[in-house]
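See structure below.
Chain lettering (A, B, C and D) follows the sequence in which the chains are written, and residue indices restart at 1 in each chain.
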């Protein structure tokens, strides 16, 4: 484990997860389908989780990995709520493209 | 700590009441319970101790702010009694969610560990998502919920990333350790980046420009009571948390960062006020005014070491007037599909007391003397000038002039227009909340030192 | 026994009036107004006996603000003006029926409370608070009980409120700034400050903005005429009789002593501004169609002269200014009351629709004429004393100031007599004009009595104010 | 001393009491009673005056009474006090004396007016202020009277207030007086700041002992004071109000606009002779202004057809002569002429009043004529007065006017010429008036002719008394041994006409003056008796006489130069500046509102945009913080 990290170097992990994170961000920005937006957000969160793990090994310290569990749980809860809202929107609107949500403005 | 446990216990209790279907009793019991919790918090006021290896650190700061949050929640719950009388079946859920939200809030101001901080935020946010969308059949509410959820979770992602970088730099989540380490020599660049990311996340929560766009839409769409909660409790919590975060993690924030704060604060005030001018929906208007108030509160970040007291004062002044204002709005806009300013026409005739209260609340927000809002602004200006940001104060002054413009639009509507139709009698509870809130506000205005000295 | 008593009486009076209900409101208000007058006379007596009737106690520790009411001759004079005019104003309104009168009269008393506080406060913040507070009641009085089209009224009143607030907020910033230099806002501590010339200039300007809008001096006067016209006469009386004087008083009490260098440096500009106001106001007044508007512009002219007097920084200037403030306070209240009396009978304020009243109402005519003459400062009226002293002080600065300011003697006579001629004289008016009722008569006679008494024997007031003005002058001339 | 104070108070307050009584109870008292009270109150002060007059010889330094402190100025204090010396007592004598006569006259003259009590109230008030003016012990107390008489003249000119033209005349009089008053005030300011006093006696010592006499400020003070005098005494350029003031009832014209108020300027300058003696430049200005006024007014008087207008212009011209005397430093001469003029001009006005009364308000001489049969007393008295004013020997006017001409001749020949021409014209137009009014056939309507009658005794008695005074008035200052000069010496240290004894030149000059006067009368006789011409209708008047008839269009010029521009300015300020300013203020609000309106468009409700801005902000901040460094 250690030596792997030594071989690869923590920076690369950071770059990787940053890239993943940005992919997520762009997904959120460019996709209009609510579900896909959710997934992009998930990608962001998971990128961070990955980084957490990497750091925790880097620091030889378990807290990071524990934190990952927290964040996964939280993310799950979030998505649950989000999907619930989405369902009710679908009931009312019949579509899940977020572009239809423009009644509140000005 | 005990506060937190007590609150969560109370929340669970609410859910239980549902099972034993004692819905009627929920609100009173909750209020009594919260009062108890308040007492508890105040009792351990001066004790500074930490629990569960620094997960929770109870300090003067945390306990004062927690008490403020509890007070606000009491008001909100009380208003709930009247607000939810049409859907009794879900009242326990609503109340319970509020209580849990309060738990999250308390966690946020008393965290000793970034994990706790993150959990707190999420508990708060998720409850807010639910409340925002709680009016299931109403498309506006759905949209509000959706918007808030998407952007909120996006912001949480940013915060999480920031935390992660901090952890990467410091190898610990414990704020005390982090701040100790942060004093040491060269830090990896990740650390400041992490701080900035977390800050930005929090700026989103307090709806500061340019991260404020969600606020007006969500405020407008959500049920009025939720809006009240967001604009008072949620905003104050987020602000307090941001303050604590920055002051705990690294006491002296860099000059360039202060510039950022100044710019954002100016932008928030100006954009908030100017956008509010042309709003016809009262909730939306208050949302923008909230943005500008966020800008004001951000001024406290410029003198972190000294301004805890004034932040507390400003927060209480602002949230109390907010509660008062919203209780009137709840009354006026009950069973109406919108909160358009038209509904307030002639309130001065049909219901002088409530009109007077709303007026007082607005005057307080505008910063007219003897109301707490005035002193809040005053101490803020004082500190900011001390910190050497005269220009910012000038902008703030100009903004408070602009703000009078839209606050008075509402007052004028109440006193100069003819009432459009008769309103039936009001529930005592709304009167009670409104009066107590505004009286507290005025008392704060008359004896500012009472609060100002708490955290001096 | 100290001055806080007055404030308490007025505040309690405000609440009592509100609770008394619409029936009794006016009576209760009058009672408390008289009570405050009585007690302020008693206090004056104590003061003249050399007792200390000031009141001070720590209010806020952080920032360090005290609840300080300092009563020197100047404050006492202004306090008396307030407490004397309040009952008169309340009494003058007895002829009218106001809906929801309990709040109306409560607001009046509350406003006098705030204004009295402004005259007494000797702590910067306390002063500022009273200053702002006085704005709220008049705002509502003008808004709710005002006359004319609701929309215009709203525009005028909101403009007035925001405008004045805008001015005073900069004063607040100046105070905050000074607080950080002095660590307190008590007047004596602020006097101890020695600020650089530039600092003083900025402070001076910040104050000036607040006062120039309140007084008002040209070109900051645009709110005035409209608000005077739209507000109910009682509100106009409060505004023109007392509230304008707040601005002028503040110039003497706060602006000049706190920024003497700037005051000395630029006094010519501000004297010039005041005198420009005199001429401008008089000329605009010539062609006004609305009686109240005309009076508004006339008082613009008068306060211009008073302000010019204050900025001379001479004892005569200050003394004349204070005397003229008091005199003008009474005269303008009287004149607006006259306008109200005519309005009660003819339901109009348009001068064109009046005329030929004299034959129908000898008593009213004589009183009106006396007020007109007083406002053009005919000797033996109080206004002459003030105007003479002010003009004299101006002549000490530069004879041309006296001459230009003196044009008020001519132009004032011109527009006032023109107005009087078109309102009162000419062929007997077709519409009946009942002569003054007892109430109206009493009110006017009281005012006229004051004007003549002090016009012949101003010594009491002069002796009252002179010492404190000398004190202020030493502050202005202090070297630091 | 206490005695004196009380009597002085009586002297001052009696007319004021009369005023109060007439104001408050006048209507209930009934016309006659209020008239009597009004008259008595003045008679009382006349008696009081006589008391002081008799006592003055005993104490030539005069009586000073200080009542209380009045105004407090930093470098001096003004107390409210009276000064009864030769000058003031002299003035009081004819003010109260003629005043009583005119009150008496008015009882009958105003009897048909429903506001008679008001009239007497105003007259009493006037007397009160006039007395204050005269006996004030310092400039400011004098100023009280000074403004007060102006007020009363305003009230009395506009007495018939239903006629807006009369009101305009009244307003004009007040405002023009006020222009003068401003001058007076400025003068007071300068004296006050130079000598730290405005009290006459202290001022006198201060000025006479002042180190340098050619102080620039002396001249300015004197000049501004003179402007004040111009306003009150109707000198160029402020004379135009006086002819219009004839709108008032005739007794008013007699009392205020001929005998008393208009002489206030002369009084003031005489009071301050010690100042004016020090500034020859100003003196010469006064002399010139006086002479020119005399001439201009006289020329205008030549062609007026309104009987009162003729008298008004003759008043202006006579006042001009007095100022000429003042300017030449011959104060006592001016005073002398003031007194004689008071007699005969009052007589003339009252006479004309009696005529107007008889013709029921007819004032145009073209509709008169041949009245001497109908109203002999009026005729005779007016004839005497006219002879007096024309300077026919042995009548009072002869002496006083002759003195003026004498002084003028001794100082400056051109001025003498101007004055002489003026007095010749005077003689002409006075007799033009007499002939047109009393000789030939009556030209009025038959109805008027029917009612022609001599006025009641209440009117004729004052006429007779005044006629007698007009005849013998000259005795008080006969050339050679002048009682008046002796009397005034305490006030006037150096008497101008003392230095020249009666020599041949003097007699020649007298002769010239007399001849001139007779010539004037002769021309009038030739024109209006021999050729029996009647002045043409207004339309027919042409050429130079048209210009004269329209008073050189001075009023029109003033209107064009001052009144119109001010009114234009007023309209301009009201409509342009005022609206502009308030538009500017509202502008701020409008602009912010507009921005807000545009801003609403950005908030278009699309989550994508919101998030995009979010990320943008994030990138901006991060890049500023980390990439910038």
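Just so we're on the same page, contacts are C-beta pairs under 8 Å (C-beta built on N, C-alpha and C of every residue); 3 or more make two chains touch, one makes a residue touch a chain.
Molecules present, by chain and UniProt name: A = NADH-quinone oxidoreductase subunit K; B = NADH-quinone oxidoreductase subunit N; C = NADH-quinone oxidoreductase subunit M.
All values reported here derive from a predicted model rather than from experimental measurement.
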{"item": "Labels of chains that are neighbours to chain A and to chain B", "value": "D"}
{"item": "Chain at the geometric heart of the assembly (C-alpha centres)", "value": "C"}
{"item": "Of A-D and B-C, whichever chain pair has more C-beta contact pairs", "value": "B-C"}
{"item": "Between chain D and chain A, distance of the C-alpha-averaged centres to the nearest whole Å", "value": "99"}
{"item": "Rounded Å distance, chain A centre to chain C centre (Cα mean)", "value": "67"}
{"item": "Centre-of-Cα separation between chain C and chain B, whole angstrom", "value": "43"}
{"item": "Rounded Å distance, chain C centre to chain D centre (Cα mean)", "value": "37"}
{"item": "Multi-chain contact sites of chain A, meaning residues that touch two or more partners", "value": "25, 28, 98, 101, 103-106"}
{"item": "Touching two or more other chains - residue numbers and ranges from chain D", "value": "589, 600, 603, 605, 607, 611"}
{"item": "Two or more partner chains touched - positions in chain C", "value": "162"}
{"item": "All touching chain pairs, where touch follows the definition stated at the start", "value": "A-B, A-D, B-C, B-D, C-D"}
{"item": "List of chain C residues in touch with chain D within their complex", "value": "155, 159, 162-163, 219, 221-223, 225-226, 280, 283-288, 314-316, 319, 356, 358-359, 362, 366, 373, 378-380, 385, 388-389, 391-392, 395-396, 399, 402-403, 406-407, 409-410, 413-414, 417-418, 421, 424-428, 456-459, 462, 466"}
{"item": "In the complex with chain D, residue positions of chain B that touch it", "value": "146-147, 150-151, 154-155, 158, 189, 192-193, 196-197, 200, 204, 210-211, 213-214, 216-217, 256-257, 260, 271, 274-278, 402, 405"}
{"item": "Chain B residues touching chain C - in the complex, by the definition given at the top", "value": "309, 348, 352, 363, 368-370, 374-375, 378-379, 381-382, 385-386, 390, 393-394, 397, 400-401, 404-405, 408, 412, 415-416, 447-449, 452-453, 456"}
{"item": "Complex contact set, residues of chain D against chain A", "value": "600, 603-608, 611-612, 615"}
{"item": "Residue numbers on chain D that touch chain B, as the complex places them", "value": "589, 592-593, 595-597, 599-600, 603, 605, 607, 609-611, 613-614, 616-618, 621-622, 624-626, 628-629"}
